[in-house]
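Look for subunit A in each of the two complexes below; its partner is subunit B in the first and subunit C in the second.
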Partner chain A sequence: MEAASQILRRLSISRSGLMGLVIVSIFFLMALGVWVGLLGQNWSAANGERWAVPNATWWFGTNQLGQDIFERAVFSVQTAFEIGIVVSVLSTALGATLGAVAGWRSNTWIDGTVVWLAGVLDSIPFYLFVAAVAYALQGVPWAMHVAMIATFWTATGRLVRAEVMKIKTREFVLSARAIGLPGFRILLRHVLPNTMHILLIQTSITFVAAIKTEVILSFLGLGVQDGVSWGLMLAESTQEVLAGHFNNFLAASVMLFMLLMGFNLLSDALQDTFDPKQAAL
Partner chain B sequence: MNPLALKVRNLTIINTGNAGSKAIVNRLDFNLEKGEVLALVGESGCGKTKTAEAIMGLLPTSHWKVTADKIELNGTVCSASPPAVTRKYRGSEVSMIFQEPLTALDPVFSCGYQISSVYRRHLGSNRRQAHRLAITMLEQVGFADPERIFRSYPHQLSGGMRQRVMIAMAMSCRPAVLIADEPTTALDVTTQAQVLEQMIQLGREYNTAILLITHDLGVVAQYADRVMVMLNGEIVESADVADLFERPQHACTHELLSFAARMGD
Partner chain C sequence: MPWVLSKLVHGGLLVLGVTLISFSLMVWFGPDQTYTLIGKNATEAQIAEVREQLGYDQSFVKRYGRYLSDLFTLNLGSSNSSGESVSRILQRTIPVTLALMLPGFILGNVLGIALALLATWKKDQWTDRLITGMSVTGMSISFLVVIIFLQVLLCTPYGLNLFPVRGWQVTGLVSYFHYVTVPTLSLVFITLGYNTRFYRAIFVEEAGKDHIRTVKAYGASTMAILWRHVLKNSLVPIITRFMFTIPLVVISGSLLIESYFGIPGIGKVTFDAITSGDQPVLKAVVGLTAIAFILIQVLTDFIYRLIDPRIV
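After this line comes the complex of A and B, so read on.
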């Protein structure tokens, strides 16, 4: 906990990092509000007039069906966070596990298999792959998640593999063996914790990538099936913009932009905070 | 004669790297009596460190082939393939101190955590007991404020302090044998003396035999009971420390001594 407060203090020194933290926190509270049922519950109710301009009742106006765009935009925060958290945590965990095992057993068939698998997955065009997975898992709401996790782990895996190969030649690994720790435990207790900076940064990067990808996939009709997301709102707006109604388009893109910017500021600052060259004391 | 702490017979280490097989250490025999300080000296690359690592079982089998007729610890045969001290005894009966104390400690854990992990592993202590034992151990190696050291991370300590933490960790289970691989090479001269003093004293207290690997003959003269001189993977001379300095037998010993003498001028 001491370390956590130290990180917060270092983070608060950077103004942009602090701003990122504030933006992300606000969005997170919104997502939390949707989860517990306080916000965005009426996203599907079509009880307004069609294409209302923003006013006191309809803060962001309404869409073609008379649905409240504010409610839909807020509900989409939850959609974004859900996919961001699920994909970033699982893909980083998968990448860390496979990368660590490959690095620990480098130059064996295990390592070869993992690197080959990562190479194969990276060589398939991403949206083609997702479309294939979504098609194969038709009707399964997790198709998009599965596709993203299956492709996003490779970057983490490569980084962790390289780091583990570097760390395992360090003397403290030798001395851990000299005090009688078994190999697997050394990997778990001494090598993996030393890759924590990579894991944290990769989690924040994949979080942003997952949200962006979700919007693109939903826009293309491959993403969210039940629910609403900024991608679906943008897809709706393709017809509205030509008719001169920008509310859907603006709400979705501004919210998306704010969240992604907040996260980028935050992960930039985190990267600086965890940089061992700056964290000497 | 004291009972033996470590008995090594016919130890051969072969490097099976890309350039073909090459024997690094050839048919090494030696005894280590309980409580004695045995110095292993020799020029760099003669196989001192590899001997230590082979005994500890730290050489990866992918690149090294280790054979031995016998490695006995406290009279018990340590059977393992490759022959080495088995994992159960590492850290409890035999432990090792490395040359560079910064890289030998894990940077992401506090020193105290790392010392107590030895107790938790080998003695099955719980967190509280391990904490208490670690604090006692830190006091033993001469820290005036063990609680602070316990909480410190390796990068917050000086080289000498880190090496004392290493000694605390290595001696925590009162091992029969301590292998110290050039423990003070990375330290400055004044710290060197303190750290060595601490280590030797603790060794006496716990009746731990110390295999001191070094190329510093000053250190040997001051602290060792016996000396083995190693050349190209073989022991060319083995004698009590006084005899060695007065009547060196082998040409290599002469050379080492004359270098030391010249450096001392």
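After this line comes the complex of A and C, so read on.
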């Protein structure tokens, strides 16, 4: 908790970082609202007229099927957070584990295997990899998540590996070894906590990547299978805009932009705070 | 010489891994192809025959070996849906994709380098802040949103209505520009933010080094410093970026752009193969692009050596 308040204090130094945090928090509250059943519950009801213009009943108008665009856009906040949180947390955790073990046992076959695996996964163009995973896991609703986690961990893995290799030569690790602590415990209790800043920044970066990827995959038909997301709304809108109906497109793209901008500002501020040398990379 | 050898071994191991993954995902664990290949009411014997042709009765190692040798001898089979041979399809579509994607890819990098140099020159002044702010904004806009927006703006009566909405009827230079402009603008727009930010970070770091301070002390002009020292010394990361993003931008980008604009390139073919489950096409595209990517990596290592002999 103290660490959290410290992060907040340091973030508040940068105005744009604070703005990012506020934007992300507002969206997070909306996602919670959907999750507990207060917001966006009528996203699938098709009870309006087709392509209604925004008015008092339909705040953002309706789509081709007469569904309420506002409800759909709001419900999609939850979809975005669900994908973002699952993918960013799991891929960062996977990257941290593999990277830490590889760095701790550097120049052994374990390290070689992890580095090789990361190289292999980075060599397959991402959307093709997702296509292949979706093809292999036909009908499995988590195919998209699995594909993203399986590829997004490599960046975190490389960073953590390099950091662990640096940390393990430091005095406090050497002395922990000298007093005979088991290696696994040193790694877990003394080395990994020192890579926290990398993990925090990477979680934020992969969150953005996951949401952006969902949009493309949903458009390609490989993404969200049931429910609604900004990606699906944009995919619907590709037909509507040619007929001059822009409400679906505007609602989804503006909300998507705001959330991504919030997260990008937050990531930058985190980077500036914890890793000033790498900042702006 | 051992350096060359170790690079080749490294590349070979990567190829092995990539093909192993694509084989496992698409062939070994992939959907059973038997019933897509034979008609209704097949007899037991026909089914058994097709299964034998597909190699379903053989071991993992044997089938993987066959997959590898097929890939390396370019014996790629033919498409399940059109019957056209896969190598013909590749020959037909790859030139279209390159003609479609390369202008945007190159322009996105050149503009990114130019803006990054400008930002480095005016570091911490409003020009720099504007460029940095714009690139974060650009990074927050989805590819799909950019494409839809530019299409409405440039290709429909709701906007300027200057270019065709979709398609690729290229017969000469004029029609080429007619069809390539909107996809190129989309690609530049979407890569510019990332490129500018990446190059700026590299140039700023280079500009902070001691030898630059020395050159400054000798009274060289800012332009000369940026051009002769900062840019030249940043060649290695620039080339890395360029080489490593080619396959990602060209393949992943074409998947979206071509299926959106209905352009008959490799991306559209891949997209159709994904939606119809056309295994021979998918196998070839995934396997070959991954191998091409690894070749590029090995090639990049050789180029480094040429530019900077210190690199081992």
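Rule of thumb we're sticking to: the second predicted complex is superposed on the first by the 274 of 281 C-alpha atoms of A that agree within 3 Å, B and C clash if a C-alpha of one lies under 4 Å from a C-alpha of the other, contacts with A are read in each partner's own complex, and residues count from 1 in each chain.
The rule we apply is simple: a contact is a pair of C-beta atoms (placed from the backbone, for glycine too) under 8 Å apart; a residue touches a chain by one contact, two chains touch by 3 or more.
What you see is a predicted model, and the numbers here were worked out from it, not measured in a lab.
Student: Should the superposition on subunit A be reported as showing a clash between subunit B and subunit C, or a fit?
Tutor: fit
Student: Per the contact definition in the header, classify A:188: touching subunit B only (first), subunit C only (second), both, or neither.
Tutor: In the superposition, A:188 contacts neither subunit B nor subunit C.
Student: Is A:22 contacted by the first partner subunit B, the second partner subunit C, both or neither?
Tutor: neither
Student: Would you sort A:244 into first (subunit B), second (subunit C), both or neither based on which partner it touches?
Tutor: second
Student: For subunit A, which side has the bigger count of touched residues, subunit B or subunit C?
Tutor: The partner that reaches more residues of subunit A in the superposed model: C.
Student: Where does A:133 make contact in the superposed view: on subunit B (first), on subunit C (second), on both, or on neither?
Tutor: Only subunit C; A:133 stays clear of subunit B.
Student: Quick check on the superposed pair: does A:215 touch subunit B, subunit C, both, or neither? Answer first, second, both or neither.
Tutor: After superposition on chain A, A:215 lies in contact with subunit C alone.
Student: Looking at the overlay, what does A:179 touch: subunit B (first), subunit C (second), both, or neither?
Tutor: In the superposition, A:179 touches subunit B alone.
Student: At the Cα centre of subunit A, what angle separates the centres of subunit B and subunit C, to the nearest 10 degrees?
Tutor: After superposition on chain A, the angle is 100 degrees.
Student: Pick one for A:38: touches subunit B only (first), subunit C only (second), both, or neither.
Tutor: Touch partners of A:38: none, neither subunit B nor subunit C.
Student: Looking at the overlay, what does A:256 touch: subunit B (first), subunit C (second), both, or neither?
Tutor: second
Student: Please work out how little space separates the C-alpha atoms of subunit B and subunit C at their nearest point after superposition, in whole Å.
Tutor: Here the least C-alpha separation of subunit B and subunit C stands at 17 Å.
Student: Following superposition on chain A, which residues of subunit A contact subunit B and also contact subunit C?
Tutor: 280-281
Student: What residues on subunit A touch subunit B, complex-wise?
Tutor: Going by the criterion above, the answer is residues 107, 170-172, 174-182, 189-190, 193-194, 196, 280-281.
Student: Applying the document's contact rule, which stretches of subunit B touch subunit A when the two form their complex?
Tutor: Touching subunit A: residues 53, 56-58, 62, 87-92, 95-96, 98, 100, 103-109, 117-118, 121-122, 155-156, 166, 169-170 of subunit B.
Student: Can you list the subunit A residues touching subunit C in their complex?
Tutor: Residues 116-117, 119-121, 123-129, 131-136, 138, 208, 212, 215-216, 219-222, 231, 234-235, 237-238, 241-242, 244, 246, 249, 253, 256-257, 260-261, 264-265, 268, 280-281.
Student: Hey, which residues of subunit C end up touching subunit A in the complex?
Tutor: Subunit C residues touching subunit A: 13-14, 17-18, 21-22, 24-26, 29-31, 132, 136-137, 139-145, 148-149, 151-152, 156, 158, 165, 197-198, 200-201, 204, 247-248, 251-252, 255-256, 259-260, 270-271, 274-275, 277, 282, 285-286, 289-290, 293-294, 297.
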